[in-house]
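After this come two complexes, each holding subunit A, first together with subunit B and then together with subunit C.
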Partner chain A sequence: MSTFVALLASGLAAGAIAALAAVGFLITYKATGVVNFAQGDLITLGAYIGIWVTQKEGMFGIGALDLVPGYVVTVLIMFLIGMVLERLAYAPLRGRSIHVIVITTLGAALVLRAFIGLWQGTTPKYLDSPLKGEVLTIAGANIAYQRVLIIVATAIIVIATMVLFARTQFGRQLRATAVDRDTAKLCGVPVNMLSMLAFGLSSALAGVAGVLLAPLGVVDLTLGFNFMLLGFAAAVLGGFGSIGGVVVGGLAIGLVQYVFGGYVLRDFNSMYPFILMLAVIALRPQGLFTRGSVQRL
Partner chain B sequence: MRLKRSVSALLAVGVVAGATAVTAGSAAAGGGGGTPVKIILLAETTGESTAAVPYYDNGTKMAAEELGSQVELTRIPAPLTPAAAETALSQALDEKPDVIIGFPASSQTIALSQRIVDSGVPFFSLSSGEQLVKDGPNGGANIFLIRPVDTNVATKEAEYVVNDLKAKKIGLLCVDNATGVNGCAAAKKVIDKKKGVEIVAERTNSTTATDLTEQATAMEGADAILDFNFPNPIGVFANQLIDNGIDVPHVDGASAGIAVNSGAVTGDAAVNLRGVDDCVPTVSKSSKVKKWVADYESEFGSTPAPNYSTAQSYDTVKLIAAAAKKAKSTAPAKLIKAIAAIDYKGICADYKADDLNVLQHTADLTRWNADAQIKVAKVFTFAPNELPGVVPETPPTTTPTTTAVAPPPSS
Partner chain C sequence: MTVETTPPTTSTGTPVAAPPRPSVRPPAMRGQPYVWLGLFVVGVGLYRQFGVTGLGDQDLINTWLYYCVIVVGFYLVFGVSGQFAFSQGAFAAVGGYTSAWATRIGLMGIDSFWWGLVVAIVITGLLAVTFSLLMRRASHFYFAIATLGLSEIILVVLRRWTEFTDSSGDTTVGIRDPSFFGFTFNTPYREFWLWLGALGIVLLVTIFVARSPLQREAIAGRDQDVVASTLGVPTLRVRVVMFVLGSVIAGIAGAIFVHAKGFATPDQFGIDLGLGIFVMLILGGIDSRWGPIVGAAFYVFVPQWLQGGVLGIPGIEFTVDAFGQQHRLGDFRDIFFGSLLVITMIAFPVGLVGVGRLLKSVSLDRVHPANRTWLSDLFGITPRKHAPEPAPPSPSDVGAQVGDTDPGSAPTLEAERPAVLVAEGIGVAFGGVRAVDGVSLSVLEHEILGLVGPNGSGKTTFLNALTGVVPATGSVQVRGRPVGLGAPGRVRRLGVVRTYQAPQTYEHLSCLEDVLLSTPDRDRTGLASACLVRPAVNRHERARWDAAEHALRRVGLGDLAEEPTSRLSYGQRRLLELARAIHAEPGILLLDEPSAGLDASETEQLAGHLRALQGEGVSMLLVDHKLDFITGLCTRVAVLELGQLVAVGPAASVFEDQRVVDAYLGVDDGDLD
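Right, the complex of A and B next:
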C-alpha cells in the first residue's frame, strides 16, 4: 500500500508539472494558433532565473532574495521574457504559414538553451526550496513536501487560470480570438496585445513549473525538455480544447508513467505517456475532452 | 667542362646536405629546439553546446602555455552529435597533427575508432570505455587511454561495497545507457562471485529522470546501493532514498561529485554518498599539486574548480611533449613507442602505459560530510593489463550511431 501511495504522489506531481506545461501550450495556442515549442526551455530558464535571484550576489549584484520572494520575482521576469519572445519570435512572422512560426519557436528554444549555457555554464546547479528534506507520511509512504507543494500549487494556479478565462474580460477576449481572430479584431479586441499577454502568461507558467521542479534534483540545460514533451502529450490528450481537459491529460500522463509504470514493465515507463498519446491520436484524434467532428485529410 | 663538373658536384653536395638537414630537422622535432609537436584537441568548451565543459580546453591550454614553442596546440570543437564529431575528426586529420587528444564521450571515440586506428596518429582518449583498450573491439596500437577503464572502476566500487562495507544485500541502479549497462555488468560479476551476497533489487532509470520513487522504495532492505548514473538522477535518487528512510551507503562514480557540488545533495544524503574520481586536485596534500591548483585558479578562476579532467588534459600535453623529446621525433611510430614506454609523473597521477595502452592505474574514492565538503576516503589501484571483460565484443563502425546525450564524467 505504501508503495502505491508513494507512486500515486509521484504520478500526481509529475502530472502537475506536465499540466502546467500543457496549460502554457494551450494559452498561446488559443491566442495565436501557435504551439510554442520553446515551452520546455522556458521551464529550464525559469529554474535558472530562480537560482540567479536567490543565490550568491543575486541578480545584478543587489543581493540574494529569500526563496519565496525570489520565486515570485522569477515568475514576473518570466512573464516579461514571454512578452519579449512574442515580439521576437512570433510578431514579425504573423501572417506567415503556421509551420514557419512553429519552426521558429523551435529555433527560439535552441537560442534560449544556448543563451543559458553561455550565461550560467553547463555545470549542473541547484535551486533550494524551503521544504527541502521535509516529508509527509501517508499510509506508510513518505512523500517529499516539495511534491505536495507541486500538486497544491498547480491546483491553485489551474483554478485561477480557469477563473481568468471564464470570468474576466481578458479571458473573454482570448476565447473570442481563439474562435475567430479577424472578427475579434473587428470587434475591438486588441489581438496583438492579447498575443503578448498570452505569451507572457504562458512563460510565467513555465517559470512556476521551473521553480517547482528544480528543487527535486539538479538543474541542467535539459531540465524542461522532457516536460515539454509530456506537456505536449497532455495537450494532445486534452485536444488543445479546455484547460480542464489538458489538466486531466497531464494527470493521466503522470499516473500512467509512475503508477502503471511502477508495476508493469518498469524499465519502459518513460514510454507510456507517448504510447497513450499515440493511442488517443489513433482512436480519438480530437482529444479525450473535445467535442465535435474530426476532419480527415 | 671541369668547371661544369665542379658546379654539378657542388650542387649535388648542396642538395644532399639540404635533404639531410631537412631530415635531421624532422627527426629533432619536438626534441627540444626543433619543430613543435602539433597537437589537436577535439573537445568543446563552455558555451559551445549544452554538454560542453571548460576543463579540457583550460587544462591543455595551461600546459601548452608552459611548454611554449615545444608544442603547437589547436582545439577543434567536437560536438556530441555523431555527424559533427566525425566532421571534427576529419578536420583534425586534414591538419596533419602529430597527436590528437579527444572526445570526452566514449560513444564518440568508439564510433570513430576505425578511422582513428587507420590514421595511425597517436590518439589520447579522454573517455574510458573498455572497448577502447588496445586489442579491444574498438582499440588500436595508436589509441591510449589517459583514464582508468570504466569497468575496472565499477569493479573496484563493487569490491569496496562487498569487502570494505561488508554489505550482504545490495541494490543496483543502472542508467539506461552504456555507463549503466557496463557498470552494472561489472558490479554483478563481483557480487555473483561472493558467497552470501545478493542483489535485493536491480532497477534502471533514464538520464533525465526527475522522480525515482519506485527505484528508491525498491531498495528497502539493502545494506548498500551501487549506482551507475548521471548527475541529475543521482541528486534525485540520493534525496529520495533519505526521504524513504533508506539510510545506507550509496556508491556512485564521478557524477556523484557533480551532484554534490551543485548543492542538490546535502545532509544525510551527502554523508551516505560515495563517488569515484580519477583524482581530486583541490584536496591533494602534494605541494606540487597545490601549486598547480593555485596557478590554474589565478589564470582561469576558481569556478568551476579544476577537476580530474582539467588535470588529465594538462598532464596529457606535458606527457606528449616529454615523449616527443624522448623519441627525438614526431613520426607516429616513434612517438607511439615513446608514449608506450614513458613513465610520467603528472598532476592527476603517475602515468605508465600497460599492454592495453591504459596510462592511469589509480582512482580516488571520495566522501562528503553533511556540509558537502569532500575528502578522499580510499585510493583504488588497478593492476595493469586486467579487465573484468564484461563488455560485449561489438565491431567498430565508421559511422557514429549513438544519440547525443550529455556524457557523464565517468563515461
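Right, the complex of A and C next:
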C-alpha cells in the first residue's frame, strides 16, 4: 500500500511538473502560434538565476538573497529576458513561415544553453528549497513537501492562466492576436506589446518552473530540456492549446510513468509518457480530452 | 540584374540524328552534378593523400564527413520534403547499435561489418516506415514533437536495454572494425576512405532523387500538400519515402561511426547532435545538396580554427575574459552558432551556398555569348540565349482549328449525351452552417456546365467536396464508378482535375516542374526506379517534359518554362494552372473562377482555350461570376444559392428564372444578406 501511495504521489507531482512546463510554452503558442523550442532552456536558465541570486555573493555582488525574495527576483529577471528574446529572435521574423520561426527558437535555445555553460560552468549545482527537504508521511509513504508545493503552485498557475485568457481584456486581445494579427491590430489591439508580454509571461513561468524543479535534483544544462519534453507530452495529450487540458494530460503521463511504470518494466518507465504521446498523435491528433475537428497545427 | 538561378541552355547547336530531345527540361537536369560530385570526391581524396599530416586533422576530417552524411540525409527529410524531424540523431543511434549488436552476436552466423550494416539499414528502415505511417496525420509542430518523443524513447531503450547494447556504465566497447577484402579500417587514416565512399554514394542518391519526379513531388507535398494530392501526386507515399530515405542514411552514418570508433554511448546521439544537424543544414543552405557539406565544414573547422588552428591554417590566438575566466574564442562556439542560426534565418535564409550562388551570378553572369566555352557551360555561367520562341497559336486560332463549338448548335444533342460526372446529395457542413446542402448535379459528356451563384453560395465548397478537399456527405460517380469523398486525390485517378479560385502554383518550382506535377504517366516515379533504372526514368521524363512543354506553349507560357513560377504575374499563374490541367489529360475539368482577375482580352483567350479543350472531348464544370463569359461557353447553367441548387437548365432560360434574379439582385423583403 505504501508503495502504491508513494508511486501515486510521484505520479501526481510529475504530472504537475509537466503541466507547469507546458503552461509556459502554451502561452506563447496561444498568443503567437509559435511553439518556442527554447522554453526548456529558459527553465534551465531560471534555475541557474535562482542559484545566482541566492548563493555566494549574489547578483552583482549585492549579497545572497533569501530564497523567497530570490524567487521573486528570478521571475522578474526571467520576465525581462523573455521580452528581450521576443525582440531579438521573434519580432524580426513575424509573418515568415512557421519553419523559419521554429528554427530561430532552436537558435535561441542553443545560445541560451551555451551562455549558461560559459557563465555557470558545466558541473552540476544545487538549489535549496525553502521547505528544507522536509517530507510528508501518508500511509507509510514519504512525500517531499517540495512536490506538494509544486502541485499547489501548478494548480494556482493553471487556474490563473485560464482566467487570464478567458476573462480579461488582455486574454481576449491575446486570443484575437493569435487568430489574426492584422485584424487585431486594426481593431486597436497593441499587438507588438502583447507579443512581448506573452513571451515575457511565458519566460517568467519558465523561471517559476526552474526554481521549483531545481531542488528535486541537480541543476545542469539538460534540466529544462527534459521537463520541456514532458511538457510537450502533457500538452499533446490535453489537445495542444488547451490550458485546462494540460492538467489532465500531465496527470495521465505522471500516472503512466510512475504508477504503471512502477510495476511494469520499471527500468524503462521514463519512456512511457512518450509512448502515450505518440499513441495519441497517431490515433487522436486532436488530443485525448477534446472534442471537435482535427486541429491543423 | 535579376539573379540567374537556372544554368543556361546547353543542349543546342549539335545537330545529332538521334531522337530529338525536348529543348526545355527542369532546372535540376541542367549542369553537371555527376562531374562536380566526381571532382569533389577526388579532390577530398587527394587532399587526404597529400595534404593531411596529423592525426588530429584526420580525425576532424572524418568527423566532418560523418556529419556530411547525416546532414545530407536531413536535407532530404527537411530541406526537400519539409518534415520537421529531430529524429536524425536517434536513427543514427539505432543504426549504430543495431549494427554493433548484429556483428557481436554474429546474427545468422555472419559477423562481418557489412552484414551489420545491412541489418542496420533494414531495422532503421522498418522503424522509420512504421513511425512515418503512424504519424501521417501529424503536421508541423506535432510531427516535430513526435520525433522528439521518438528520440527520447530510443535513447531510454539504449540506456537501459543492456542485453542489446552490451554496455557497462553507458558505454559499449569492443565494436568490430570494418574491413573490406582484407583491408581493415582500423585507424582514422584508413576510416577516412570508408567515410568518403559513404558520402559519395549518399550524394549520388541525392542527384538521382533530384533528377527524377520524386524531388519536385516532395517539394509540392511540402509547400501545398492538398493541392498536390488533387493533381495526382501520392503525397503520403512521397513523404514516407523521403523520411525513410533520410533516416536510413542517418542509420548508415551511425553504423559506420560506431564501428570506426570501436565504442558507443547513447549521449553521442543526443540532443546536441540533433541541434548541430539543424545548424549545419541551415547555415550551409537548405535548398542545395552542397549545403550540408559546406555547413558541416563550417561547423567542424571554424571552431577548431578559433581554438588555435586547423589543417595547417594558423588560428587566432585571442582570449576573452568572461565571468571571471579566460576563454578562448572556440569556447563561444555554441553562442556563435546559435546566433548565426538566428541571423541566417533573419538575413539570408538561403544559407552559405545560397549566398555563394548569389555572388557567382552577380560576378560571373556576364560572360559574353561569343566567349562561351565548355568551361563556362560547366560552371553554369553561360548567359541564356534569347532565341525568339515560335509565337504561340493565338487562342482564336486554336478555337477555330478544333471547330468552334457554337453554343447555339449543341443543345439538340444534350439529352442523348451520357453523364460523365454524377454528384448526388452533396452536403458540407462547417459547424452549424450547411455550406452545401444536398446538391445533386451531373456533368454531361463534352459539355461545359456553368455553375453560378452569389458570393458564399457554396460553389467553391461544392468543388472542394467533389475533389475531397473538405469532408462531405453524398455520393459521386465518375463514368459510372463511385468515388469515395473526403480524401483528396481519389477523383484525380478517374481523370477529374481542378483549378483553384486563387491560383495554387508552387513558388519553389519552375513552371515546367509545376506543370509536370499533374502528369498522367506515373510510371517510374518512385525512389527505386530513380536509383536503379536511370535510363527508363530518363525516357519517361523526356516524354513528360515534351507533353508539359506542349501544354505550356498552348497557353502561351512556352518561353517561361524554366523560370520559377514566382516570377509570373497573376494572370500568368492562372494560365499555368490551366496548362497543368491540360497536361493532366483530364476527362473532366473543374474550373473555379478561372477568369477572376483577368482583363477582357485575357478572358477572351481563356474562353478560346476552354473551347479547344471541349473540342478535344473534355467535359467541364465552370464556376464563374462573369455572366457573359459563362453564357458564351456554356449550354447549360446551374445556379446555387445558400448552398442549394435553385435552377439548372439552358443558359437563356435559367437567367430569366425569377429565383435566379432574386439570388443575384436580392429581393425586396431583405431576408438575404
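Going forward, the second predicted complex is superposed on the first by the 291 of 297 C-alpha atoms of A that agree within 3 Å, B and C clash if a C-alpha of one lies under 4 Å from a C-alpha of the other, contacts with A are read in each partner's own complex, and residues count from 1 in each chain.
In this section, contacts are C-beta pairs under 8 Å (C-beta built on N, C-alpha and C of every residue); 3 or more make two chains touch, one makes a residue touch a chain.
This one's a predicted model, so the numbers in the text were calculated from it and none came from an experiment.
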Fit or clash between subunit C and subunit B when superposed on subunit A: clash
First (subunit B), second (subunit C), both or neither touched by A:Phe225: both
Partner chain in contact with A:Ala144 - subunit B first, subunit C second, else both or neither: first
Partner chain in contact with A:Ala14 - subunit B first, subunit C second, else both or neither: first
Touched partner set for A:Leu118, first subunit B, second subunit C, both or neither: both
Touching partner for A:Ser270 - first (subunit B), second (subunit C), both, neither: both
Touching partner for A:Asp128 - first (subunit B), second (subunit C), both, neither: first
Subunit B versus subunit C as contact partner of A:Val102, first or second or both or neither: second
Which of subunit B and subunit C A:Val75 touches, first, second, both or neither: neither
Identified clashing stretch of subunit C versus subunit B [25-33, 169-177 or 277-285]: 169-177
Overlap of subunit C and subunit B interfaces on subunit A (superposed complexes): 113-114, 117-118, 222, 225, 267, 270
Subunit B contact footprint on subunit A (complex, rising order): 2-3, 6-7, 9-10, 13-14, 113-114, 117-118, 121-126, 128, 133, 135, 142-144, 213, 216-223, 225-226, 258, 261-262, 266-267, 269-270
Subunit A - residues contacting subunit C, complex: 35, 37, 88-89, 92-93, 96, 98-100, 102-104, 106-115, 117-119, 222, 225, 229, 232-233, 236, 240, 267-268, 270-271, 274-275, 277-278, 281-282, 285, 294, 296-297
Contacting residues of subunit C [partner subunit A, same complex]: 82, 84, 134-135, 137-142, 144-146, 148-150, 152-153, 156-157, 160-161, 271, 275, 278-279, 282, 322-323, 327, 331-335, 337-342, 345-346, 349
Parts of subunit B lying in touch with subunit A, wherever the complex brings them together: 46-47, 49-54, 176, 203-204, 206, 208-211, 213-214, 217, 231-233, 235-236, 239-240, 242-245, 258-259, 261-264, 267, 304, 406
